[in-house]
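Letters A, B, C, D, E and F mark the chains as written, and numbering starts fresh at 1 in each.
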Amino acid sequence: MKKIEAIIKPFKLDEVKEELQALGITGMTVTEVRGFGRQKGHKEVYRGAEYQVDFIPKIKIEIVVSSAMVESVVQSIIKSAKTGKIGDGKIFILPLEEVVRIRTGESGDDAV
Amino acid sequence: MSSGDTAWMLVATALVMLMTPGLALFYGGLVRAKNVLGTMMQSFICLGVVSVIWVLYGYSLAFGGDTGGVIGTMQWFGLKGVGLDAGPYSDTIPHLLFAAFQLMFAVITPALITGAFAERMKFSGFLLFTILWSTFVYLPVCHWVWGGGWLGRLGALDFAGGTVIHINSGAAALTAALIIGRRKGYKTQPIYPHNLPLTVLGAALLWFGWFGFNAGSALAANGSAVIAFFTTQVATGTAALSWILAEKIIRGRPTTLGAASGAVAGLVAITPAAGFVGSTAALLIGFAAGILCYLAVLLKERLGYDDSLDVVAVHGVGGLWGALATGLFASVGATGLFFGNPQQFAIQLVGAASAIVYSAIVTAIILLAVKYTTGLRVSEEEELQGLDVSQHNETGYAIR
Amino acid sequence: MSSGDTAWMLVATALVMLMTPGLALFYGGLVRAKNVLGTMMQSFICLGVVSVIWVLYGYSLAFGGDTGGVIGTMQWFGLKGVGLDAGPYSDTIPHLLFAAFQLMFAVITPALITGAFAERMKFSGFLLFTILWSTFVYLPVCHWVWGGGWLGRLGALDFAGGTVIHINSGAAALTAALIIGRRKGYKTQPIYPHNLPLTVLGAALLWFGWFGFNAGSALAANGSAVIAFFTTQVATGTAALSWILAEKIIRGRPTTLGAASGAVAGLVAITPAAGFVGSTAALLIGFAAGILCYLAVLLKERLGYDDSLDVVAVHGVGGLWGALATGLFASVGATGLFFGNPQQFAIQLVGAASAIVYSAIVTAIILLAVKYTTGLRVSEEEELQGLDVSQHNETGYAIR
Amino acid sequence: MSSGDTAWMLVATALVMLMTPGLALFYGGLVRAKNVLGTMMQSFICLGVVSVIWVLYGYSLAFGGDTGGVIGTMQWFGLKGVGLDAGPYSDTIPHLLFAAFQLMFAVITPALITGAFAERMKFSGFLLFTILWSTFVYLPVCHWVWGGGWLGRLGALDFAGGTVIHINSGAAALTAALIIGRRKGYKTQPIYPHNLPLTVLGAALLWFGWFGFNAGSALAANGSAVIAFFTTQVATGTAALSWILAEKIIRGRPTTLGAASGAVAGLVAITPAAGFVGSTAALLIGFAAGILCYLAVLLKERLGYDDSLDVVAVHGVGGLWGALATGLFASVGATGLFFGNPQQFAIQLVGAASAIVYSAIVTAIILLAVKYTTGLRVSEEEELQGLDVSQHNETGYAIR
Amino acid sequence: MKKIEAIIKPFKLDEVKEELQALGITGMTVTEVRGFGRQKGHKEVYRGAEYQVDFIPKIKIEIVVSSAMVESVVQSIIKSAKTGKIGDGKIFILPLEEVVRIRTGESGDDAV
Amino acid sequence: MKKIEAIIKPFKLDEVKEELQALGITGMTVTEVRGFGRQKGHKEVYRGAEYQVDFIPKIKIEIVVSSAMVESVVQSIIKSAKTGKIGDGKIFILPLEEVVRIRTGESGDDAV
């Protein structure tokens, strides 16, 4: 089992979700985050004060999948989240030791 | 001069002024968070732009003399000669107070249109549009009906602005929605209101202010004002109910936004009729307004044009229904079809149709002019970013 | 007919109308985010429901003639005969304006009760409850006091509705809280206000509108209105202070919600007394109101019934205190115990007690009727989900 | 006694009352979320504190008789003798109504100052400050100008409070900002508004209420009120425009906060002039106000004192400009420099200068007194935590 | 050391926290997230527009514990977060290489 | 490659960001979280009801870096996020198997 974390542009969430659903992924967890990276932010002005805002709204998607699925999930995310412009985001793949479903206590592949 | 009438009209004028920020809140809550300030700004700044126009030439062109029934003259340019004597339009309040009251109507009308192109209009283009539209659409139509122009002389009834304000802005809104085009992501991505309590608050301030709008249109604290006040309350409450009833029947659930929208629909529909009808007619006008405007919203979804905040369905359709209903139900100081005067209904039709045609055509011309000068729409990137950051370098909330 | 009085009463009526959305905001901010719209809706829609009732039969049953001192007649059914002549209730304003003013009181009273069952009432059940309660509780009690009924004839003083509106809704609220039961998680999970700035805004609009409520109850722009206006301001400000003083002493910190709650408590308490007392009495009435209502909140915590938004503590206790205080302090156009007329105090007691008993019993009957028809409470799952989604398919905020 | 004038003044008084909560919202939106309640509270509670002071001794010291031109007497202590007869200050409205109207001015003035020390003032210190400041600064300066004191006798023009309210609070604000010191993190960490829609709403309520402030200062529903009303609208709208124009030129983008701030600047600047000038002068006064106040904000950034919400730039500078502009443009019932009376301008200068000097000095003394009794500032930790939690054990939002 | 991530129903947070405290857990970090899974969402309607909302509010709890504690923490979470209805959530166990306490620079078991 | 997660006090975010930028870190992702730990919370009172709030606003920073950089990143965070008072937060280091840049499909060190 692996945990895949993808940082994407917020307006891409629906497309990514649909692509992953098409792949048979039945669960994921999303978080609103702010990203700092090559994509430049914007200026904000409040009366006399000027600020450079470097943190840009992003969405983090977390998906736990069996190791066999990792490659296709990554490809699906790339396909659906890509705009080709700076700031499209990253995918991180982390090792996972165990998954448990709270409702049933099942673990491993059965739990996702 | 009457201090009672003056007192009432001072308050009524302040109440109508409050409607524009009320509208800013109503619209502001309905857009996505990234556009809240840009949207509110488009209403708010009308209080500035139109006030200046009004002092310079607006009041004069709308109400100062008459040129061929279609527009005023420049006789009151810079409000010269508009003073504290009881005016040509009322015997009991200072002329300048009438000018102030009418100013607030001129302010809110272009603000209403902004709902049609919400979330995608350039601020510079919007400013130019508002100046041109106020000058070339609002002033003439206002003159036609209230300033001594041809429609008023024909006998068209418009107690507080069904034709001048609502049909007019509704027709402009339809034109604008078609010319400016859909929002990016419309129908393919979720686009929903970011702050409905703000919208309910806006609806409440609109309702409150509308008592000034409708009952103030009597220009005196008299029986006519009282009738207009009461019919306004009744039609508005009823329309809030009938809209959610229609929702319940068609979609299974009554919504809060439906109640707020229904209230506005009722306010719009009773506007032209307010001082001319009785309580029972107000019930009927309000009831039908809630249903018709809701159906018009559903129709928009089918037709697929992107009138972001339903100006056409609420102000256009509501205003049209109100103008016609005035021709049907008028019974106080005027006589409608149901009380034996079919001609009034015909006149109402002529009034509505002229306003729609004129407004649509001139709005289209203005939009094209704006397109090729300042530009109409923000870029795709700016639209994605939102108007707040892209047009104003601000964001609405940093709540945490 | 007086244009000055008419001007004032038009405005006062609009001000009282604004109180209902003000209440919607006040209550809306106090619930959890998932219930904000459902809560606001329960106030807002009263503007629709009660307006229709009022036109059809409400005004007639409350104010049209008298049947045995307990209820009016159907003589003004559909507002037939309620016109622009100065009415039976005032010599200087149109009858219809009096009807409009009184309508706004009828609107807000059931809205007040909604605080007791906030966050768990079915919308259909709420609608049915409101129709029945307005008809079988509000109309009679209103008639008793103001419409020529037995309490008014007995000499009960109620300047602007302490008994008719606040004691009445407070008693209904207690009954409702007991019958409907506690919210899921009450006392075991944190349940706290989601948007206190909204609540402060609501309190502000209530305060503002209450000038129409109290000073408008003079039915004229006269000295009585001025007294009512001034005592309202003084009592309200003082109660805001005394509530936070009590908090500081008992809990260590004065709170913003305490200031807002205290203001409402002061408004409630001064309501029956407003035109009958002087500034010093207003100070005392306000001061005691802030403390008593705060203590009543603490008592509720002990007793453990779940009156979600403290309608009992603020409107019930505040209204009761005000009604009795009127019997103590009345000195303008009436005489209270402290000015040598103990009988007035006794009459006030009778008035308050009758309203409490009648309202509690009939409210209980109505709630049981609702329970076995539409049902009272949402399901557990729906309560968890919140009223906004479960009753209206909406959510309040999508701020990011 | 006139019912029309009474009607108008009842409403005007209610409108001015609404300005204080309007200010609470305006300021509340501008601070960080953790300080929203603490900030709103500082305005809101002035409605309590000052109402009590006013009844006890405030009105008497400001308006009751005269002691050497600098302060009133205690003749109306506890409002004894302030009744319903037409007062010494107006022939057509009850004396008590005048007292009520003036109370609302006394309420909002200390509330304005709170913007200077927002986000760091102890609540106990704030309360003490407000009591002392109202007593030792507001009451005298008010007496000088309006209560029969030396400035009024000298012929200083202040239609609705440019000197008494705005210059006065502006000077106090500057003093407070300097004495209390900068916020932790000022200029090194981002400190920005958490809820600009709230601020726009606040600006709207201020604008609405200001019609009562300015046009109400005529004390009657007459021509003077109408002029003040109209010039208020024109100057305010124009200042909103000129502020964003200046922003566009200097920073490249017009902002929503700029439009709202400009509106307030226009309201402030037209206040002393409102009933004395014509529409064209109002345009000019408003136009300059938007620019001058914006430049004053930029200047503050350079000078580096931390007047959190720009009370100095908006109320101080705007009020000063308005007072001087009155000396330039007065043409209605008074004559300014441009109409041939340079002496008026000199008098205006004297008035403004005296208010600034007196207010600055006494404010400084009061602040030092507060510092060594309750303390002025919250601890570093409390400032980090925010006023809401540290002063009131509350948080503003739990929106999710 | 392991990192345990649990996705739970929001109203269960207090119970879970108390259960973990009882177990001797002294620290955790929670995030508001939205979950997509078997639990179905709800419909939202705004005037004419209808949306199906599939992402449901959840709470993510992150707890770093010594390897020895993992099993009991998992059991405690299951016990306190379970309602038995679909959507109760998941527990993920991830390997962790190091923990540092910022205040003291301590690391390893001492740091939690 | 490693993934570093740091829980810090919110007002320290800008300092940490600048310190990391100085180190050459070009990307990071931040999340608003609430933490429970030794740092005590505060009381809240709403009319009659009193609550103890134990969860305190914190910021979580996630940074993916090459293994070589881990130590200096940790030191930079400690340096910039430390106030010396309880509640300064933790740093967690997790193993990471792969990183992919969505825009280009690059992976490994090239992707960050």
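We adopt the following convention: contacts are C-beta pairs under 8 Å (C-beta built on N, C-alpha and C of every residue); 3 or more make two chains touch, one makes a residue touch a chain.
This structure is a prediction, so every number in the text was calculated from the model and none was measured.
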Copy pair chain B, chain C: interface residue numbering same or different (half cut): different
Interface copy of C-F among D-F, A-D or A-B, judged by whether over half of the contact pairs recur: A-D
Length of the line joining the C-alpha centres of chain A and chain E, rounded to whole Å: 18
Rounded Å distance, chain D centre to chain E centre (Cα mean): 51
Inter-chain centre distance, chain C versus chain E - centres from mean C-alpha coordinates, in Å: 44
Sequence positions of chain A contacting 2 or more other chains: 31-32, 44-46, 94-95
Residue list for chain C, restricted to those that touch at least two other chains: 2-5, 7-8, 11, 190, 192-193, 195, 201, 251, 253, 255, 257, 393-395, 397, 399-400
Chain-to-chain touches, reported pairwise for every pair that qualifies: A-B, A-D, A-E, A-F, B-C, B-D, B-E, C-D, C-E, C-F, D-F, E-F
Footprint of chain E on chain F - complex, ascending: 2, 6-8, 31-38, 54-55, 58, 60, 74, 77-78, 81-95
Chain D-facing residues of chain C, complex: 2-5, 7-8, 11, 15, 32-33, 92, 192-197, 200-201, 203-204, 207-208, 211-212, 215, 220-223, 225-227, 229-230, 233-234, 236-241, 244, 251-257, 259-260, 262-263, 279-280, 283, 397, 399
Footprint of chain A on chain D - complex, ascending: 190-193, 247, 251, 253, 255, 257-258, 261, 297-298, 300-301, 310
Partner chain C, residues of chain D touching it in the complex: 2-8, 10-11, 13-14, 17-18, 21-22, 24-25, 28, 36-38, 40-41, 44-45, 47-52, 55, 78-79, 84, 93-94, 96-97, 99-100, 103, 123, 195, 198, 201, 221, 388, 391-400
Interfacial residue positions of chain A with respect to chain E in the complex: 3, 17, 26-31, 64, 94-103, 105, 111-112
